Amino acid sequence: MTAEVHKHYLSGGWSLHSWLLTTDHKRICWLYLVSITGFFFLGGIAALLIRLELMTPPGDFLTAEGYNETFSLHGIVMVWFFLIPSIPATLGNFLMPMMVGARDLAFPRLNLLSWYIYTLGGIFTIVMVIGGGVDTGWTFYTPYSSLFSSSAVIAAVAGVFIVGFSSILTGINFIVTTHTMRAPGMHWLRLPLFVWANYATSLILVLATPVLSVTLLLIAAERLLGIGIFDPSLGGDPLLFQHLFWFYSHPAVYIMILPAMGVVSELITCFSKNRIFGYKGMVLAIMAISLFGFVVWGHHMFTSGQSLYAGILFSFFSFLVAVPSAVKTLNWTATLYRGRITFTAPMIYGLSFLGLFAIGGLTGIFLAALALDVHLHDTYFITAHFHYIMVGGAVTAYLGGLHFWWPKMTGRLYSELWSKIAALALFIGFNLTFFPQFLLGYSGMPRRYHEYPEAFQLLHVMSSLGSVVLAIGYLLPLVYFTWSLFRGAPAGANPWQAEGLEWRTASPPPKHNFVSIPRVTEGPYAYR
Amino acid sequence: MPIVKPAPAEQFDDMGQQRRAVLMGMWVFLVTELLLFGGGFAMFAMYRVQHPQVFAEAAGHLSLPLATANTVLLLTSGLTMALAEQAVEAGSRRLTLVFYLATMALGLGFLGVKGYEWYQEWQAQLMPLPGLVFAWPGNESQQAELFFNLYFILTGLHALHMVIGLGLLGVMVVLVQRWRDPHRLTRQTQVSGLYWAFVDVIWLFLFTTLYLLGP
Amino acid sequence: MNYRQPILIWLGLLALLALTVGLNVLMTGPWRPLLHYVIATAMAALLMVFFMRLRASDGLIRLFAVGGVLWLGLLILITLAEVLTR
Amino acid sequence: MSTSSVVDADIGLELIPTQASAYASQVDNLYFVLLALSGLLILVLVGLIVGFGFRYSSKRSGERGKAVPEKLGQRIEIGFALILAVSFLGLFVWAGWLYLNLYGETESDFTINVIGKQWMWKAQHPDGTREINTLHIPVDQTVKLRLTSQDVIHSFSLPALRLKRDAVPGMYTEAHFRATEPGEYRLFCAEYCGTEHARMRGKLVVLSQADYQGWLGRQGKGPSPEVAGQDLFRSYGCSGCHQGDASVRAPTLDGVFGRTRPLASGEMIEADEAYLRNSILQPQKHVVAGYEPVMPSYKGQISEDEIFQIIAYIKSLPAGAWKQSTGAGQ
């Protein structure tokens, strides 16, 4: 190494101006990181309140309205303000241009705009929702949301609508960047899987979000102007809303999990020092999931009174969409074979992801099976299933990715011991919280209940205790990450001996990512 | 006029790359717009098959002549916009301005006719807003109301896009007036042209769906 | 400048419009809506291929345009199929 | 807040709820098969991760041998995908078949009408007996549930029968079951429906047939739905057009139920419950051939309860019933 010190992207100054008007994707990543972390802990507090209420069978800690507003807040914040933007807007923003070998995203100013839309929309919603309360759940089912609820539905819907634009802009930016900004030699089959995953996610964002937008717009119009669209008394179809909502919201699940799969592919290859097993298969699986994900939405409606034929068709596709996910799990596991495995914190997150995602995926099969879904629909089994995918899967991978790329983003190392403790606490706390909910679900406990028959108390108490461990697991990284910013040891360009263009530049990277644009001569994960 | 040597924005390698990126970005954006309207079309389709008679009857209460005139206006504005694109490429500032202004005039004409149509429907008491009387002359007033709700939402959403388009053209007129960087203007004109033509395309399907599926 | 092509396209569009409105006035029967949509699609195709320069664009952009239409078709087809078999 | 108004079935925690019907045990079988399959896959996965973790830990030095060749890797992937797809296909068919058994058309012994409203379940038995938040049914009878809602979407959930069906405003949904085990079971509203959603629960009581008859006898029952429906038919003025001499203006309704009717639009439609309901609320939707679309809608004037009763009355009329009665009157 020469002694020459590059000016990196953080050395451009700390003035407010240099952050709030930046168009550097790496700085925008930090803006997102701050907003998203705020929303995550807000949603987390709501979750703890929910678990606290459910310690005892009667509704004694929160009123019925209070409970309903709390779980709605939890759902709305976590789905739209945390999970959907989480990995793409932070890690994706930081890494997409670096991984394809570009100086920035194709539209840097659009990128900044999308952060503003996201954050202002989010703050607006939070203020309105906490001030006025919304009790519809994150699903906004009509006619409850349009005609019966007396809470601040319009504000919530408007907020989600606004944030939708931010998703769309990010999606456009990633798609165009992947298509037009790749470095010389970086052809499609040399892209890291993280790029592929974010690309597929962007396709979903772009194709699905507008349908949600127009649907939410109509709920607002129905409440504000009395223009009935979903109103059964005008001959409106109560299932129409569900169709349009799930046309977005089912693919939205893949918006959350695909980037997570991308992250895990990077983690597992790096810490087993091995090529990914079946790269082409992985790419194919990513694209298959994102496209097939669009034709399974009706599996949220098996009990709703939709046509039985449609139910059968949707069930069939739901079984099909599970196959590529299973193949991916096989490939990750096979990547360990004959590798050199180190159990660093990011790797522990990666392996936790494998286990938790497998449980979440397999219970998804239970729910694709029509008759079984009828019994399990709207019970705690569902709650447990999607938390295994979204928290056990997406959030675990998000944290794993943060731990992996933290040295690159900051140039600092964090405490190894504490990071491993946090990763283990999360794994244990998560299972303690959500495994009992599978049992609750099969025994019949419906979701969104603020009081319940006494027989279910034991399992609820276990779940609530687990949530405390989980909360500690989430707070720890906040502490040692902050500590590392000031006291952490310098990381060097490549602390993990990882492959990938982002590791070939300094940590933190210079303003335009590379001193000179790299020329790519081989595929990703050249570990052997 | 001074010849400006074109330079790409700092994240791009060359002009070709920038042009490709900008056009692709616009097209992807238009796809999202398509799906925004698409949700509305899906709703309409669902209700059209559930209440076929009333919906056909209600379509008969809309003014086909006015809508046809509007379609002519919009198609013509598509022509002038395409000509504006050619004019800017040919480097003629005056012609570009003329075509831009013609496009805007035609667009304003469209909105005027649309407004008159809404006014007529308001007079005929077919506007289902709170505070207004909805007087449907036939049977099944509720389902007719559903039709008119969808009609006003879809045409309103389209009119909103027209207004945004007009705003965009207004900005472009100012930029053409200044004529700073012709390469950039060409790119911007192409993007505005794409948006304007897209609003045309949506209108063609709205016209077909709302006006032509009468009894 | 080449005025010929845009004006020809515009005349074609007006002719198609006259056709579809004429059909609406003169024709009855179950096939009429289908014809309306065929004509609308033809008009949209003219607009997209010439005014939006799809003909001169690279294949990828054409793929996006077609993909968007297909996805919309997916949404409409599946919901309609569900309603009609309910 | 008091919980006195909610009556839960007095049963403890059951990880597998009592199988109160043969169908329930079939669903459980599917569950056990899936549990076994998932357990096996998880075991293999965890085994591999732990095994590889030890065997290929970076602390063990030494050569690792060649990676799996790409061809072989692809074969493994495809083979795994195929095995899964085939077993999924089996599960799909099995689960779909059960689903059709639950919701599809079947012969039933009697029908219970259930209406969801914020925040209670109202059930009505064939003889007119009504109850709230509790449902008594006899054992070994095929019961059809016909559900609707008068406000928002609810969901009628009976875990012991592995049965759940949404009650949707503006729509009839159906499900049937045949309980085989007398006892008390839980009843929930499973679809979130507003403030008191969690209190919209009660119990299902499965009685022996004799006990059921006894229970019905003890209820102070009102008029049967047919009789109540006949009264409503008069008081809403339906008889003015549909009955007697006026029936030129409107179709007669005796014996109409279950028949296929030609419509003015040229289509044919079967006169089932949903059709009759639509004809009351949206009369112009399906006008019978040969009649003018002159009937006014009763939307907003008639409750879901009353519609059930009128339908019961129309169903009870055999073909020609009105002709005989008017003939006898002459």
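We just call them A, B, C and D in the order they show up, numbering each chain from 1.
Throughout what follows, a residue touches a chain if its C-beta (ideal position, glycine included) is under 8 Å from a C-beta of that chain, and two chains touch if they have at least 3 such contacts.
These figures come from a predicted structure and were not determined experimentally.
S.K.: Pick out whichever of the two, A-C or B-D, is joined by more C-beta pairs in contact.
M.R.: A-C
S.K.: CA centre of chain C versus CA centre of chain D: separation in Å?
M.R.: 43
S.K.: For chain A versus chain C, what separation do you get between their C-alpha means, in angstrom?
M.R.: So the centre of chain A lies 38 Å away from the centre of chain C.
S.K.: Between chain B and chain C, tell me the centre distance in angstrom, where each centre is the average of that chain's C-alpha atoms.
M.R.: Going by mean C-alpha positions, chain B sits 15 Å from chain C.
S.K.: Indicate the residues of chain A shared as contacts by at least two other chains.
M.R.: Residue numbers touching two or more other chains: 179, 207, 211, 233, 235-237, 239-240, 243-244, 305, 308.
S.K.: Going by the touch rule set out above, which residues of chain C reach two or more other chains?
M.R.: Those would be 60, 68, 71, 75, 79, 83-84.
S.K.: Considering chain D alone, which of its residues make contact with at least two other chains?
M.R.: 282, 299
S.K.: Looking only at which chains touch which, which shape fits best: line, ring, star, complete or other?
M.R.: other
S.K.: Tell me, which parts of chain A touch chain C in their complex?
M.R.: Touching chain C from chain A are residues 179, 207, 211, 237, 239-240, 243-244, 247, 294-295, 298, 305-310.
S.K.: Which chain A residues qualify as touching chain D in the complex?
M.R.: Interface residues on chain A, with respect to chain D: 58-60, 63-65, 68, 135, 137, 139, 141, 143-144, 147-149, 232-233, 235-239, 272-275, 277-278, 280-281, 302-305, 308, 311-312, 315-316, 319-320, 322-324, 326-327, 329-331, 333-334, 336-343, 351, 354-355, 358-359, 362-363, 365-366, 368-375, 377-379, 439, 442-444, 446-456, 458-459, 528.
S.K.: Along chain B, where are the residues that touch chain C in the complex?
M.R.: 20, 23-24, 27-28, 30-31, 34-35, 38-39, 41-42, 45-46, 49-50, 64, 68, 71-72, 75-76, 78-79, 81-83, 86-87, 90, 92, 95, 190, 193-194, 197-198, 200-201, 204-205, 207-208, 211-214
S.K.: List the residues on chain C that touch chain A in their complex, please.
M.R.: 60, 68, 71, 74-75, 78-79, 81-86
S.K.: Where on chain C is chain B touching in the complex?
M.R.: 1-3, 6-7, 9-10, 13-14, 17, 20-21, 24, 33, 36-37, 39-40, 43-44, 47-48, 50-53, 57-58, 60-61, 64-65, 67-69, 71-72, 75-76, 79-80, 83-84
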